[in-house]
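Just below sit the structures, each encoded as structure tokens.
Next come two complexes built around subunit A: one with subunit B, the other with subunit C.
== the complex of A and B ==
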């Protein structure tokens, strides 16, 4: 009787797991396995595929452009990450505050950019920051200033991508923070008010600590998304000026799909995956997995 | 019972065979679908698409057009081939060179002598076998456009076919145009390797040179380094630097159309759209400047039929129709371009277009031997993007001209197995 019960449980387990396992295998495990296999070949994406051992990895570790693009990716991530977390947190705090009016409209307007595709975001940002016919430079000129070289200055070009990325994701992270804020017990705020806590003290000593799991989630998601930034770069700067905004995913894409070095691109992808996983692991360790 | 079952099964089989034959018969007699892959979004004036529509209207067949840009074709075509979902006909510049085995051999269907020899040589780019996987469709040449109004404001007279400018004159006048012509940039150039390569050839340089049956890499020759340095200086002085340094998705053709550029290095493929779209200033075509020699680069796209296409017969029947003198003439009149078909030429009725067309035709004679050698090496199959990246970094000031070309030469040599001359 017990055996039948266990069997039914096992069957139920697999029935519940099956859809997820199928999707996870199709979109992650099988491509990962293929990628590992390709990384030891000179696969050109179609016809040529010879086993070449560790040649791709040897080439990769001697490739200065790989290190440069990885370095740029880290610099971009470190620069953008604080904005990715702080801006949505502040907006979420504002749109959940009792003192703020038209909250629903503010939330909707903030969330709308999250619904846009990266392509549309790219076009919109180009329209704003184009060096020749951009709105921002036009306004600067109208105000008597000198137009900025958005496309020629590496720092400004990186800023534009970061701005676009933040603009497009703030709404999404705001929603996550709103969820976190709404879960903080009101009694804590009431107790703080009775104790004479100022708004800033309450925010720093109650809201921020109580939001730790949410902040960890937003930080982790933002980090991974920033490290993987591709579509916006392609739509705004195409990796320029020079190679100053060529991040690691664009580097992989270029090797794989433009130069048809699928084997080499697979090797880079695997190394990058390990690096990214390590970063996520460090984040987990430092924040104790988001536990308060 | 067994007999009845056997008889029933036979009847079923026979009826299904008859039904299948009937369906096939019906399919071959009814309107057929021609699935076409174009490489860019066609405008309402697009010559090829309008000619295809004319064919569809005349034959009653159906046109199914999909647009996959050049850069995406490289990834999409192999996927389509693997999934047996290939178009019946496609326009391409590169796929047939990378995957000649995947296309029908057009010599089995066409007498290649009906095409201009140079168009076949340049567009089909068949250097390793006698197979012709595509047929020349749009035959283009690099050329120089100029803003007539800006020239008038700067007190400049455009050069003529008989007396083209030198590069020194070009530089001097581009500066003058920026100062007095009322344009933001004296000169602009498409962010295309081929446009820059004209400078290289005109200054006596080349990408490679013949070494028996093989090649030597010469891209980092002293004259090439000097040419790149000159180009970097031009970008800093009177060109929209962001175009060549990267960092923008802007198209310099738009700058020219907006009247912000005095002299624009592009190609004949832009003529039709300029003709239809530029209304607020006068413009024209001028001969390209001359250095040690003159240089122009021929190019264009071809029409190919994938060997595993479902309706390849329909594609062939379209091509037979398209390459008749009468239909090709109509296409050419719409395209306002160079002809790739012997005995068919574009004769513009508009006097200004006729004048520009003469200049365009004169550019054809400027194609250099060095360009032919470079093309025959098929070096682009190796490191085309790396070359572009080297140029971007040099123009942006991240690398010196010498470092950019030396590094690229070393990469090309390693990848191709060719020796380094410098």
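== the complex of A and C ==
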């Protein structure tokens, strides 16, 4: 009796998970396997597919364009990361403060850019920074400065992309920080107030340490999202000038879909996957998973 | 400064700063919207003014004339159907992972397989994904951009957590009353819906509405384009068709902003209550 019951429940279990498992296998696990397989071939996405052993990996480790693209991605991530974490934290502190009146309105307005697609985010910011007739250059000129070539100078182009990325993610990470701030026991603040702690001291000695797990989460999410920045760039520079804002995901896509080197692109993908996982692992170890 | 004035400023300075910061964050969108109503000549001449000297709908009319509502329909189909599938299969999967945890020994193993999905960024698998989509005959087919993305670990996780919080005695009571496994799920457990269902629905709708990479690679026939791809097509080799892209971008964000304003308590509440613990 009991075993027949369990058998039926095992069958029910598999039927319930079947749709997810089937789709996940088809569009995630199989591509993962194919990626490994392709990486040992010279597959061109169409007809040619010969086994070429480790040739793709040898080529990859000697490919200066690959190192440049990866280095560019790291530089962009390191430059943007502090802003990704600090700005939402400050805004979240403002909109949870007792001394602020218009909390709900401020939260709503700040969140709205997070609703836009990465492409439209790129377009919106690009419109403000366009070299001719852009608002930013206009303001610079009105203030007596020389307009800047935002799209032609590699550093300025990277700055605009970083600005756009930060602008779009601030609302989302603000909401996560609000959740973290609301979880800090109120008694700690009351105790601090009784001991005569100033606002600044309370923020540095109570809020920041108590918020460590949330800060870790935001740091981890931002890092991954910055490392794989792609669609936003398509709304701003499309990777230019030259290859100066071609980050690693676009590098893979260019190899795969534009130059039809599926095999080589798969090899890069796998190496990048390992690098990303390693970065996440280091962050996890370094911060003890955000445990205080 | 006298004492009462100091007290007033202690209240008003933080509020004013907060208001200015949030308005500054909104500003690029306001600028985008106002620009989209300016005539082409005004878009490309100094001095710039905040408001259009004369509101014109000419760019909107042009973009709509180029078949924009067809793209809206495609995007709506992707977002609505994709979200419906995501909700149903995530609920089923999360339910099974939670309810059969004592009877089926490998529930955690299955859950672990799905967690793999969060560890590997999907972007690094796009190249072989497109191969699979073509092999299945889904190239240039809207289902080719729906089916690959409907399984989300976030969704499975949300429902699993929800059903873990419901006492197993509910299920046992239903079984004793003679209900089979499917009936228990459909009539007893599913109606115990949750605000995280709404949160997942909103996010899923937004993700699908904003999907970019797969539609770009999979949909080749212009009639099948989603809004994002239609917008992308205003960026050409010779530069950006600004007057059209501004109007198209504004139209693409209207549905999402309306949805957000109506349902925002689920986003803000759902995000801070569900996944994320401080």
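Note that the second predicted complex is superposed on the first by the 264 of 292 C-alpha atoms of A that agree within 3 Å, B and C clash if a C-alpha of one lies under 4 Å from a C-alpha of the other, contacts with A are read in each partner's own complex, and residues count from 1 in each chain.
Heads up, the rule we're going with is that contacts are C-beta pairs under 8 Å (C-beta built on N, C-alpha and C of every residue); 3 or more make two chains touch, one makes a residue touch a chain.
Quick caveat: nothing in here was measured; it's all calculated off a predicted structure.
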For this session: Quick one: classify A:235 as touching subunit B (first), subunit C (second), both or neither.
Result: both
Exercise. Is A:45 touching the first partner subunit B, the second partner subunit C, both, or neither of them?
Worked result: both
For this session: Please work out whether A:89 is in contact with subunit B alone, subunit C alone, both, or neither, and reply first, second, both or neither.
Result: neither
For this session: Name the contact category of A:175: first (subunit B only), second (subunit C only), both, or neither.
Result: second
For this session: Determine, under the contact definition given at the top, whether A:127 touches first (subunit B), second (subunit C), both, or neither.
Result: second
Exercise. Once the shared chain is lined up, is A:60 touching subunit B (first), subunit C (second), both, or neither of them?
Worked result: neither
For this session: Pick one for A:245: touches subunit B only (first), subunit C only (second), both, or neither.
Result: first
Exercise. A:260 contacts which: subunit B (first), subunit C (second), both, neither?
Worked result: first
Exercise. Touching A:152, do we find subunit B (first), subunit C (second), both, or neither?
Worked result: first
Problem set entry | If touched residues of subunit A are counted for subunit B and for subunit C, the larger one | C
Problem set entry | Residues of subunit A at both interfaces, subunit B in one complex, subunit C in the other | 45, 126, 130, 132-133, 235, 238, 257
For this session: Going by the contact rule at the top, pick out the subunit A residues touching subunit C in the complex.
Result: 6, 8-10, 12-13, 16-17, 19-21, 23-24, 26-32, 34-35, 38, 45, 91, 94-95, 97, 99-103, 105-113, 115-120, 123-128, 130, 132-133, 135, 138, 141-142, 167, 170-172, 175-176, 178-184, 210-211, 213-214, 217, 224, 227-228, 230-231, 234-235, 238, 249, 252-253, 256-257, 262, 265-266, 269-270, 272-273, 276-277, 280
Exercise. Tell me, which parts of subunit C touch subunit A in their complex?
Worked result: 10-11, 14-15, 17-19, 21-23, 25-26, 28-29, 31-32, 35, 43-48, 88-90, 92-93, 95-97, 100, 103-104, 107, 110, 113-114, 116-117, 119-133, 136, 147-151, 156, 181-182, 185, 206, 209-213, 217, 228, 231-232, 235, 240, 242, 245-246, 249, 252-253, 256-257, 260-261, 264, 267-268, 271-273, 276-278
For this session: Would you mind writing out the residues of subunit A in touch with subunit B in their complex?
Result: 45-47, 122, 126, 130-133, 149-152, 157, 235-245, 254, 257-260
For this session: Give every residue of subunit B touching subunit A within the complex, in rising order.
Result: 71, 74-75, 78, 81-82, 99, 184, 240-242, 245-250, 255, 258, 260, 383-386, 389, 392-393, 395-399
